[in-house]
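In the two assemblies presented below, chain A is common to both, partnered first by chain B and then by chain C.
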Partner chain A sequence: MNKPKPYSDMPLRNRDIKVIVNAGLARRHAAEQRFRWYGLTAISLGLIFVVLMFGSIIAKGLPAFWQTYIQVPIAFDAATLDPQGTRDPQALASADYNALVRSGLRQLFPNIEGRLELRALYGLTSTDAAYELQRQVQQNPDLIGSNQAIWLLAAAPVDTFIKGNIDRALDEAERPIKNNQIEWLDQLQGAGKIEKQFNTVLFGNGDSREPEQAGIRGALMGSFFTLLVTFLLSFPIGVATAVYLEEFAPKNRWTDIIEVNINNLAAVPSIVFGLLGLAVFINFFGLPRSAPLVGGLVLSLMTLPVIIIAGRAALTSVPPSIREAALGMGASKLQMVGHHVLPLAMPGMLTGSIIGMARALGESAPLLMIGMVAFIVDVPKNFLDPATVLPVQIYLWSDLPERAFVERTSAAIMVLLAFMILMNGLAIILRKRFERRW
Partner chain B sequence: MSTTAIETESVLGQPLRSAAEPRQKSTIEVTDYNNRQTVGKITVDNPKMLCREVDVYYGQKQAIKNVSLDIGANEVIAFIGPSGCGKSTFLRCLNRMNDTIPSARVTGQIKLDNDDIYAKEIDVVQLRARVGMVFQKPNPFPKSIYENVAYGPRIHGMVNTKAELDDLVRESLERAGLIKEVEKRMLEPGTSLSGGQQQRLCIARAIAVNPEVILMDEPCSALDPIATAKIEELIDELRENYTIVIVTHSMQQAARVSQRTAYFHLGDLIEIGDTDQIFTNPRHKLTEDYITGRFG
Partner chain C sequence: MIKHKLALAMTAAFVLAGIAQAQSARDYISIVGSSTVYPFTTAVAEQFGKSNANFKTPKVESTGTGGGFKLFCGGIGVQHPDISNASRAIKKSEIETCAKNGVTDIVEINIGFDGIVVASAKKNKPITLTIKDLWLALAKEVPDSTGKLATNTAKTWQDVNPALPANKIEVLGPPPTSGTRDAFVELVMDHGCKEFAAIKELEKADEKKAKTVCQTIREDGAFIEAGENDNLIVNKLVANPNALGIFGYSFLEENLDKIQGETINGVAPTFESIADGKYPVSRPLFVYVKKAHIGVIPGIKEFIAEFTSEKAVGDDGYLNRKGLIPLPTAKRKQVATDANGLKTLAP
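After this line comes the complex of A and B, so read on.
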């Protein structure tokens, strides 16, 4: 009896709870500690990747918000622009502004001769320079006859070089910018005739083959029209569906099947919706290709299940006591829903919808199917104009080899992400603002 | 050592002999626990509501079995009984709140004055305007105090002008004994009031549409004794104008506020009678067991 018995041999009643708990305590604490470390590791890994991604996008895309301009002395020669002196807009529009740009450049470097050399010189400015002069003259015909120093858009290789993305040490044949051009640019820079200005082109222009003239205006407007259609269709239909299914529909096999199918639809790959849109809206109904209207219809199909599911969740979270109170007062079912349940569920529904819309904003695959992947220079003005959207624009640019497009791709991604963050922020604000306690 | 076990069992099954001390003058008529025929007079001289052979099913399960009783005009009738005995279910039949539960099915006849409330031509909207309800948990709408009371008159189109509505809201709050507390804060949310005030707000909301009957489903179970006392006082005053049916777990409350009491047990109406009689001279053994606290 002196020898202590092993603890596990003691009858249950005689065991001391303190000893039992203490024996296991170290193990429990270790498990807790371990779990905490797993969590921390997972979160830090995630954060590192997010920082890496944002860092690389911002590092690549930030320079795209500035654009190189060259100051060129332009003589608005009346003989070239308006020989008749009529100031007729038609005549002014068709005048040879390229000649003005060229003579201006020659004026900067009077010693250059020879066809090839001159061509290299003319290559410093963008082809947009002539149009810029045309715009200025049309806006202010009084310029004709005067001499002005005008900031002209530099060509993309020049811009890339000025931003330090072309290595001088590289062999001349491997550079898009030649030795003599580098020499001239150095001179211009020494004279303060090269400047980086905020890139208004990026936000003001549609797509272009020339990187320095390419902008996201067209894609932004396309995204705007597409999302507008999506919202106008999917929000009312989604809310109405959620309300009907949750509040009015009888609970039977049919509604079960509908519910399962809606949940399945939310998981259907988005490109399938694109194929559906192609088959139904374009082939069957004959709607135009590449149009924001069709894009919006397709994205509505994709967003609807998300809105319905979020809406139903929001409706179920309204406490039954509110419904009972309303019904007990003699409110009809529609009054109960309209006066009490829906207002209380609205923040949740809005949040779900905005998150669905944010997903639609970032969607590209289904839009490829309905032709919104075309190269479109004009900024769309309505729902039927051919258009593309931001993510597709990013996809298009990411395919192009020019260095200047690489940074524009990243810049477009930054703009897209900014809109996403804006929408998600709006969702959070709405939820916080309209959330009511009961 | 084994006596404790036996005692425990006897509590679950039959009441303990020692606890069931014989009364000086026992009025128990039914001693058989299996005799579930209603004891007592179910009719009154001046009925407001008539319930005959009411059965309620939830799916396959029968929650109310063949209950018949009258509810007199301007009386407070209390439904008592252990949890799950069906008293709330029966209460909710009286304004067809059970309609909101898809699996619930009600048979039998319930009349309000002379209208069968389950008849096809009766609209629940009209019925619920005539038979108001106050719930167990205070459930004011997440709107202002004013809007809470104004809601009923507004949806039923009872008033034409803003001034009329203002008067009606004031009067209802006054009758619910809440006006002094909320006079200055009519536009504050109803949920900002204390529990007892919220419940009185719910009563004000119910009487704003001037119903004929008010159903109260354990209106004080979530309240402290002081708030409870105020509500009970209020019930006593409201009796002048309304018929009140109250479900309660507190037998003291039933004794204090009601004129008649009905005792439910497992879906059966076991005994009904004047409150005094039920609490002093119960006629069914089950009733006696319950009110003396032997089970429930």
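After this line comes the complex of A and C, so read on.
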């Protein structure tokens, strides 16, 4: 660089400079304006897409949180349910509860005759209605002999119709609800015997092939067990690795190689971890397919590099003066790390882990390989029960032909998004509250 | 330090293996295989679990037909699945793989039919296609007027057949990994090309070449691979009125308000026409059971009984409401007797 010339030596061409600057000024302002405008467009484009996505998911999924019920008068006939009068649980379990539902529906519409008409009538309530009555009787055998008006779950096409998603004007052959059924439903609605209640089934049941009985409880528990395994494995190992590499390990070619590998692993497509899990955990160690334990192991392989990288970044951000002061006071290296550096780095490490876990929560590709993309009705109770996870449940529901699964798919997406927002929010709160600036 | 960690990891792995051994007595049926049969098998599995308090609900994985057989033929033992769903019959090579791994006694159950429909958006005028038209529109190479093979240049349906409208050829279909694609190639492409004398001659001269010519679908944008998700194809059809889509009959049945099935060889895809075999593009669906697992895994026999019951696969069964086309009554009875008698495939 040239040395600046002394002030007195500068030629007096201030006017020229001013002219030149003024001439270019408009152009420079315009360029800056344009640049700001590009930025604004980019952001608003992004926002529009986010709003569109959320809007369409919420618009589709919101109705799924309510479910249609039909009030049916049920006569808990002692002769059908418990002819011997023994209240024997075995006999109560095998009684014909469908007959109760049918006679209840006939009581609502006594004038209906003919096999086809009756079938259409019985099709109004879910196939779960009989099991619902069974559960109620088993819980409270005193119901036998009494008459009750009971809210029974409506079948999925009825639910879709009541929510206004089936056009009445369509040709009869093109809708799942027929003319006579519409007539009955209108009558029931007029009499106040149709009600939309909060969809407890969605949160209380496992998967089902009947949309009105399908729930995400199984998938939620599966996600919970899987993530628990992931956290229990990847957090301690990740933190220990980060501390060792950052504080204790000598800086030589070996640690360089390890570091490069860890950074590489963080970018490996997740399906590769699934293949690895299949080869190692299932084929070699003989762990069961579809188990949250294996899912957790595979996802922790995926999360580990993220936690290690975040952990090392958190450790480097602790200023060396802390270490020097601790060592100067006579602390051992382990005490220095354990008492001072690690607690100060912990918020950063936790933030990294939570973000890693959020990514693991949304992952479905590696689980395909280890058998977690499956239809599972029973809610998993431990780490070895067959299970599926929330994103996989969404994928499976999106591929089913029944129309009523569309809104349930979106509802499941909303639940997944809520968990994501919760986890990422937690990460932000942790950072805001505990992070120290030096 | 590193040694200690390694030792620790090894111990952990052994403990895990120990847990696996401890729970090796699997008490639920494990099913793998075709995503086309998945909606039907899951419905039976759920019904089976609900009506049998003694048995757990089977676990049904959706792995695709080929992937399913790979797992199914992996061997005998609780870590291998008991039942495999298939949207085509088991291949000879697969039976051989099975035998190599000790899986010899396999019970085949034909559960019903699935129609493959070519559909378009409702607002379109329906068109009547033939298998020949479809092949001419979708094959990569077609014979020209002199019978010589040339790259397919047809842009509109009118180029294929003057009786058809001048709409652009745009067909959304499943990717090669899908069983639906296999069936479409076998039922439409293979038959369509045989209507040309040139191909017939070629077949006599070079059978392999003829097969390739018949089965290769063009890659210039007329045929669009739209992924495995049939709901996606339905939505794309609604958005794009010119396009035709290829998928399973159950998706047509559920979306009759949005789309219509095109007539093929003069037969419209309806429940009845597929059931009595008039509709040309339909395929049988299968379930394969490993006989050696009966008595080891509880409930397999009862599950077969449920799957072959009139309540499930009958003319009025619950699978019928899910879009499965039932077998003719006599055939159904035969299948039920064979399956419940555990008649195995001839080796």
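Things worth noting here:
In the analysis below, the second predicted complex is superposed on the first by the 408 of 438 C-alpha atoms of A that agree within 3 Å, B and C clash if a C-alpha of one lies under 4 Å from a C-alpha of the other, contacts with A are read in each partner's own complex, and residues count from 1 in each chain.
Rule of thumb we're sticking to: contacts are C-beta pairs under 8 Å (C-beta built on N, C-alpha and C of every residue); 3 or more make two chains touch, one makes a residue touch a chain.
Note that the structure is predicted; figures quoted are calculated from it, not measured.
With the C-alpha superposition on chain A as described, chain C and chain B fit side by side in the combined arrangement.
Of note, the Cα-centre angle with chain A at its vertex and chain B and chain C at its ends comes out at 130 degrees, rounded to the nearest 10. Contact with chain C, but none with chain B, is seen for A:Arg175 once the two complexes are overlaid on the shared chain.
Look at A:Leu384: by the touch rule set out above, it reaches chain C but stays clear of chain B.
By the document's definition of touching, neither partner reaches A:Glu132: not chain B, not chain C.
No C-alpha atom of chain B lies closer than 20 Å to one of chain C in the superposed arrangement. The interface of chain A with chain B does not overlap its interface with chain C at any residue. Here chain A touches chain C in the complex through residues 93, 131, 166-167, 170, 173-176, 208-210, 244, 281-282, 285-290, 293, 297, 371, 373-378, 384, 386, 396, 398-403, 406, going by the rule given at the top.
Against chain B, in their complex, chain A makes its touches with residues 250-251, 319, 321-332, 335, 339-340, 344, 436-438.
Interface residues of chain C, counted against chain A in their complex, comprise 1, 13, 16-17, 19-21, 23, 26, 28, 30, 32, 35, 38-39, 41-43, 45-46, 49-50, 53, 56-57, 59-63, 79, 228-231, 248, 250-251, 253-257, 322-323. Residue ranges of chain B in contact with chain A, taken from their complex: 95, 97, 100, 102, 124-129, 132-133, 135, 137, 139-142, 151-152, 155-156, 191, 202, 205-206, 209.
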